[in-house]
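Here the structure is laid out as structure tokens; the discussion comes afterwards.
Think of it as A, B, C, D, E, F, G and H in the order they're written, each chain with its own count starting at 1.
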Amino acid sequence: MKGGKKMRYNFVEPDLERCKRQNFPEAIYCPGKSKDEIIKIIEIFLEGNVSPIILTRMDKVLFTEIKEHFPQMVYHERARLGSIVSKRGVGRLRGNVCVVSAGTADVSVAEEAAVTLELLGNKVTRIYDIGVSGIHRVFKHLSEMRRARCIIVCAGMEGALPGVIAGLVDKVVIGVPVSVGYGVALGGFSALFTILASCSANLVSVNIDDGYGAAIVAHLINNIPKRSKC
Amino acid sequence: MKGGKKMRYNFVEPDLERCKRQNFPEAIYCPGKSKDEIIKIIEIFLEGNVSPIILTRMDKVLFTEIKEHFPQMVYHERARLGSIVSKRGVGRLRGNVCVVSAGTADVSVAEEAAVTLELLGNKVTRIYDIGVSGIHRVFKHLSEMRRARCIIVCAGMEGALPGVIAGLVDKVVIGVPVSVGYGVALGGFSALFTILASCSANLVSVNIDDGYGAAIVAHLINNIPKRSKC
Amino acid sequence: MKGGKKMRYNFVEPDLERCKRQNFPEAIYCPGKSKDEIIKIIEIFLEGNVSPIILTRMDKVLFTEIKEHFPQMVYHERARLGSIVSKRGVGRLRGNVCVVSAGTADVSVAEEAAVTLELLGNKVTRIYDIGVSGIHRVFKHLSEMRRARCIIVCAGMEGALPGVIAGLVDKVVIGVPVSVGYGVALGGFSALFTILASCSANLVSVNIDDGYGAAIVAHLINNIPKRSKC
Amino acid sequence: MKGGKKMRYNFVEPDLERCKRQNFPEAIYCPGKSKDEIIKIIEIFLEGNVSPIILTRMDKVLFTEIKEHFPQMVYHERARLGSIVSKRGVGRLRGNVCVVSAGTADVSVAEEAAVTLELLGNKVTRIYDIGVSGIHRVFKHLSEMRRARCIIVCAGMEGALPGVIAGLVDKVVIGVPVSVGYGVALGGFSALFTILASCSANLVSVNIDDGYGAAIVAHLINNIPKRSKC
Amino acid sequence: MKGGKKMRYNFVEPDLERCKRQNFPEAIYCPGKSKDEIIKIIEIFLEGNVSPIILTRMDKVLFTEIKEHFPQMVYHERARLGSIVSKRGVGRLRGNVCVVSAGTADVSVAEEAAVTLELLGNKVTRIYDIGVSGIHRVFKHLSEMRRARCIIVCAGMEGALPGVIAGLVDKVVIGVPVSVGYGVALGGFSALFTILASCSANLVSVNIDDGYGAAIVAHLINNIPKRSKC
Amino acid sequence: MKGGKKMRYNFVEPDLERCKRQNFPEAIYCPGKSKDEIIKIIEIFLEGNVSPIILTRMDKVLFTEIKEHFPQMVYHERARLGSIVSKRGVGRLRGNVCVVSAGTADVSVAEEAAVTLELLGNKVTRIYDIGVSGIHRVFKHLSEMRRARCIIVCAGMEGALPGVIAGLVDKVVIGVPVSVGYGVALGGFSALFTILASCSANLVSVNIDDGYGAAIVAHLINNIPKRSKC
Amino acid sequence: MKGGKKMRYNFVEPDLERCKRQNFPEAIYCPGKSKDEIIKIIEIFLEGNVSPIILTRMDKVLFTEIKEHFPQMVYHERARLGSIVSKRGVGRLRGNVCVVSAGTADVSVAEEAAVTLELLGNKVTRIYDIGVSGIHRVFKHLSEMRRARCIIVCAGMEGALPGVIAGLVDKVVIGVPVSVGYGVALGGFSALFTILASCSANLVSVNIDDGYGAAIVAHLINNIPKRSKC
Amino acid sequence: MKGGKKMRYNFVEPDLERCKRQNFPEAIYCPGKSKDEIIKIIEIFLEGNVSPIILTRMDKVLFTEIKEHFPQMVYHERARLGSIVSKRGVGRLRGNVCVVSAGTADVSVAEEAAVTLELLGNKVTRIYDIGVSGIHRVFKHLSEMRRARCIIVCAGMEGALPGVIAGLVDKVVIGVPVSVGYGVALGGFSALFTILASCSANLVSVNIDDGYGAAIVAHLINNIPKRSKC
């Protein structure tokens, strides 16, 4: 193994078949894994020709350490995301997914979704900072949203934006509750429950701050019926 | 005492000075009080010339039993509210408070607010069933809302409506979370947290289902600077 | 108005444009609405040519009362759902959505999803009672699931089934947490959190027991890119 | 842009119309925003002649960095608040809002409210450290409170003070639960629920620690019927 | 056994030594016990000369059934409590415990405490319906409270009264949170947390609605240093 | 099908292999299943020679209806459990499992465990009503407990008994939290957390009220190394 | 003012009458107060002849800073408590309060109680590290506990010890839940609920980690009927 | 005492009889204990011939400090565990316990279990990183699991793996919820509830992250009927 201590037991067993089985590759969620374990997984992925390799929740310090071993790794700072793309690259972007954020503080999660979508070959339209307390901003961008095949809406605090947008479009809206806010925002739970309890029936939710998960779902919807090769 | 058993101890000590001290009378919250205790309180209020006497959360069966003792009592069914108004009556209604509901299922709480406001001498504009999943209904009624001195918005489920309306007006909006919905609606807590976490800063909340409390606050705002005599 | 008392105020304002705007009609969620209010909404929908008219969480007693006014109404008992379909009917069913339940006790929610999907013109494959404690039942039905364009999985108790299935397919899986179970099942919250925290990224959630919402999302996915006329 | 890196996408879209639409300007909530994003928003506000510009939850380090770009910015340390006021200044203070705190540890939130009110042109009376465990302190200041048009009461721990004061006055009391205390204080939730469950009907709540929101509501009440120009 | 079916196994093993070991007898908490099991326990207590025998949370129907077997049993309706006192009776009441309730709806719990105290030989002063929203009622009764050796304060809703009273006296105050109220009252948890988070350090809490437990603690304090024979 | 309506879809798919695979048969959890569905499952089990057939959470009314179709069914009332045992019967009871309850109100759950264990062929020692507030009762029965191969302890309210017993023995103790109690007992969660947070390391927990699950675990421990044929 | 910056507003208003009114002095809870505010309060207390002055939750750094201004201050490290005692001192210790801890990690809270009691003039018996998983340690110390007039029991994790001890004595036991443990210990809530739900009726609780509050209650019980002069 | 300051009171009273009474020794849980207290306990254990001495949740800094006093101490880094084994050593490992982890981030807890088991003389099979989103990895290792006498499964996030494995084997499965994940993972509570609500009846749970507790239970099951000498 390049650059890590020998591990006594086999702590990692990555899922190399995921891309074939599910049409998207396994991502590496960094928290709780040691540097050596991450390096080991990347090596196995590279040997298995997995592309793109996506590392989520990666802080800049960790990126710098890992990049020493894999100079081809790219860092997407606002998205806290590292990526390695094979030489054949991402290719021409397909379809159109709209990624919306309610506030500036939600942008980090929105960028995790947007960058993941682009790495998987999807065309992305970004619309940021259009929360419901100044709702004219929603209407200003409505026709852009209506042109997309699927919409991701990231919102912290009270999380009302996904439901308002869902009521205005004929697409599936994927709400991403964001752990932004204080007090009753409850670390994103208030936004989560707002999304799930909304009367707009075309709205679903993923876990709090899970921009990556929202991107995978949007990627699968955007690629019906012609599948992408990931 | 007319119509009740003698109570061994003095279980009730109503606050006769509240109207003089606070500009609104004490209401009788019915749950947990025995029929005899309610009768005793009404008798003390009548002797003290309290008007209006307002009984909240009163079901029809209880109303029928109590009305036998006080034939002048009126029942407001959708508001689950009983009232006794002194002979001098309510007088000409003043100002303008707007009472809004997100759905039809929230109307019971909205009516508790609207009827209380009217009994205290306020003019009320009702706008019901205009939830955010069909937001064009909000804009249709916006100029009516803007004419009010204060707006009460009742909403169950995810409770997004109060924040959306607050972002559109230059008045205090009193959100009333309603215990309507299932699952993550959490008996009104989801709507409560949505109201309190909203980015619209001109928005406050009262307790879940507390149409009466919202009415008192709106009544006090509507009567600045000239106080009503309640 | 046929068969109801006159309402003093206008308590209902249904959203007739929803079908045009969102590609599915507004459903009538029955709890908290009076019989007269439901009748009023149906009349407005019939005048507006809305079809199908779907009434969710409708118990048999309420159905019998409402049916007197609308003899064309049909009751789907296991789904607790009433429906009125216009004379032109539902038409030939399109695509393929798979509806799965983990246990027999989850069937009521699964049927709410399945019947709604059929009323909106989608072909449905039902696979019931295949929970993870006897996981060979999942593999037995796997090829059927893989043929669908989208999979709905209803699960109460610990809610592990949606994540297990999601890990085996390349489709979006819509998890529906069900309020079945006791103790730590927490009225469906345990299943909800299991779905949202799953490592299977192609999995989203709707509210607890919200078979209707899951059906709308699956309907929109199933009808990309050729839209249905609802 | 002065002093910041170029942002690849447009992460901020401030609401310049808020002051005209709502009678108070949008504030900048600092957490979660990058230094560059905050600078960008201030620049847009200055171009749009927004005044006062209020930055909440601003720590001293951030203030020092931002002040390099905007030397006219003032820091209110106990309130953790930065402000930029246009050359025409705040003008003569109007009306009278009373800001009360239960303990010394609640003063930070109380000052956020008091400073915001003064920046918006309101006269403020401060009464601090008068919690209910020494209730004679409340009565000592009661006539001062009764002279105000509206009272803000900040309280952590068990949060009993807002309800006690509300029961003694004929004004709207805005309770601000504060995240001070330990154990069952639950980060301000215990105070929040105490405020909302109070029998004093003239009491409302804002979010935990939301001194700014309380100030906006008090500002709107204090300026009925003659509106301020903000 | 008189009047019950034979139990196959020994389901009850009452603690006959409690009075000797702890200076108060074991009470019979009725919910969850069958009629036969309650009869069995009373018989064992009577054989062991336990007095008083106290049955808590006893509804009237159960009382009527059990009284057939033990005609000497007395029912205290407002306290939902049954009692059997030995022939030597309760004796002259000693000391002075004050039992206070915030509202009329809290009286049931307050009476459970007051009746238990009297059955154990303590003199009780009852002061009911003096909640903090009309705080002049507290001051009216303050000298009575100050004469007691210990004060029990029962309060539902927001539960502020125990802390306010504790701040005015030099005695231990035992707060009893009561499951009265709605919404954020949270079935008594809001009152519980208010009591425990109070700044008044001479305040303790028992479980929600546990008037019996409060009485035992007050009984032990009231009988220091001369012990009662229970 | 004997005695039920025809089901349109196949709602049940019982796991006939469980006994062979796991050494205990699938039980039928009755809530949420229709009478017809229960009958269908029993028929499939009888055809598959499953024995014992165990029906948990079965109320007496349901038992009476089902017994009409299966006269060989036996009802265990205190355990709310129905059973059908094949003609070859249970056989001689093996080993020794001790089932303990803290109070009389916990007996229903304890009996669910005890009866299940006996139906599976285990010898059971019952020790009931020995809660920690009279801890001498625990020591009185300690040698009996020490003779068992495994101990089940059912406790509601605060749930301290399982941890106290676990600290005294060298066996695995299976704690069963019981939903008995009020207020902070929280429907069994307080007991659950007490069991799991105990310092006694030889203690595990099952779900609240899950006497059946505790029995299965005890059965597997009791039958190491010689397996029973179930 | 000695050693602090001038405060623009009066942020502190200490309760000098507390000792006369309540028989114990106000303590200074340090978190959330600035150094200058603490110095100001001590100066006011010294001028008012308050003794002892007790500062709770005081870390060593803060103590060092404050001691520069008040060299007579003493630090009790394990109790995180600072104290200033007047020249006349504490006097001969009276009565006997027993302070117990379940584990070594609970000692910090137990010491807060023990030191406070000693500063107020009470004799204290310390018994530490006798948790229920080795219950023979409880019995070894039982006669010591029985000699006290009141017992304080501090326990984290599952918090079973207070209830076990309460069942063995005829004194009031004051349980102090401690925020020690992980997972389901829930920061002390598990211990709190265990204490409150206990079947031992002579047991009360204070807030989590509130050793000071427990000491005040024990001090008042220990000084019946002859009051101490504090 | 070697290497520590004199403690004024006796803060530690270790349970030397535990190994004789319970067949496993007391472990030292490090958080909340001072260095001196830990040293004191180790000295008492060494004098009492306790072996192995196990220190859980020990960070590397603390280990280094303590090792100066006890050079024979060994550190198990991934398990955060220190150990001292007597000269006679662990002996030949007996039986077979399987320790499984769902992800790489759960390995720390799994290693705490595995190392503890080995120190107590049990043979351990480790199977790591086989979560349900790639369920083929479970089947690949199934025969290994089936050969064990007892299986420990550690899982964070949604915690589905323990229930899936339990459904496939005829052994007791001990689930260990792990505090890995974000949002609805809720610090391990989501995994805990998933384990407890599972339909697989042969599954129990220990506290979140309690690898040590799981090891003790597995050790006792693995050593039936021939007891180990620990």
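By our rule, a contact is a pair of C-beta atoms (placed from the backbone, for glycine too) under 8 Å apart; a residue touches a chain by one contact, two chains touch by 3 or more.
Owing to the predicted nature of the structure, the values given are computational and were not obtained by experimental measurement.
A.B. asks: Taking contact as defined at the start, I'd like the list of chains shared as neighbours by subunit A and subunit G.
C.D. replies: Chains in contact with subunit A as well as subunit G: D, H.
A.B. asks: Out of curiosity, which chains are bumping into both subunit C and subunit F?
C.D. replies: Touches both subunit C and subunit F: H.
A.B. asks: Taking CA centroids for every chain, report which one is farthest away from subunit B.
C.D. replies: H
A.B. asks: Could you let me know which interface, B-E or E-G, is made of more C-beta pairs in contact?
C.D. replies: Pair with the higher count of C-beta contacts: E-G.
A.B. asks: Determine, using the mean of C-alpha atoms as each chain's centre, which chain is farthest from subunit C.
C.D. replies: Relative to subunit C, the chain with the farthest C-alpha centre is G.
A.B. asks: Taking each chain's centre as the mean of its CA atoms, how far is subunit D from subunit H in angstrom?
C.D. replies: Each chain reduced to its C-alpha mean, subunit D and subunit H end up 50 Å apart.
A.B. asks: Using Cα averages as centroids, what's the distance between subunit D and subunit G in whole Å?
C.D. replies: 35
A.B. asks: Counting in whole Å, what is the centre-to-centre distance of subunit D and subunit E, each centre being its mean C-alpha position?
C.D. replies: A distance of 45 Å separates the two centres.
A.B. asks: Which residues belonging to subunit D are in contact with no fewer than two other chains?
C.D. replies: 103, 133-134, 167-168, 183-185, 189, 192, 196-197, 207-208, 210
A.B. asks: Write out all the pairs of touching chains, ordered by chain label.
C.D. replies: The list of touching pairs comes to A-B, A-C, A-D, A-H, B-C, B-D, B-E, C-F, C-H, D-E, D-G, E-F, E-G, F-G, F-H, G-H.
A.B. asks: What part of subunit A is in contact with subunit D in the complex they form?
C.D. replies: 78, 103-108, 126, 128-130, 133-134, 136-137, 156, 180, 182-185
A.B. asks: In the complex formed with subunit E, which residues of subunit B make contact?
C.D. replies: Result: residues 9-15, 17-18, 26, 29, 31-33, 37, 41, 177, 179, 187-189, 192, 207-210 of subunit B touch subunit E.
A.B. asks: Could you list, by residue number, the parts of subunit C that touch subunit H in their complex?
C.D. replies: Against subunit H, subunit C makes touches at 103, 131-135, 157-160, 163-164, 166-168, 181, 183-186, 190-200.
A.B. asks: In the complex formed with subunit A, which residues of subunit C make contact?
C.D. replies: The touching residues are 21-24, 27, 149, 167-172, 174, 192, 196-197, 201-208, 210, 212-213, 216-217, 220-221, 224-225, 227.
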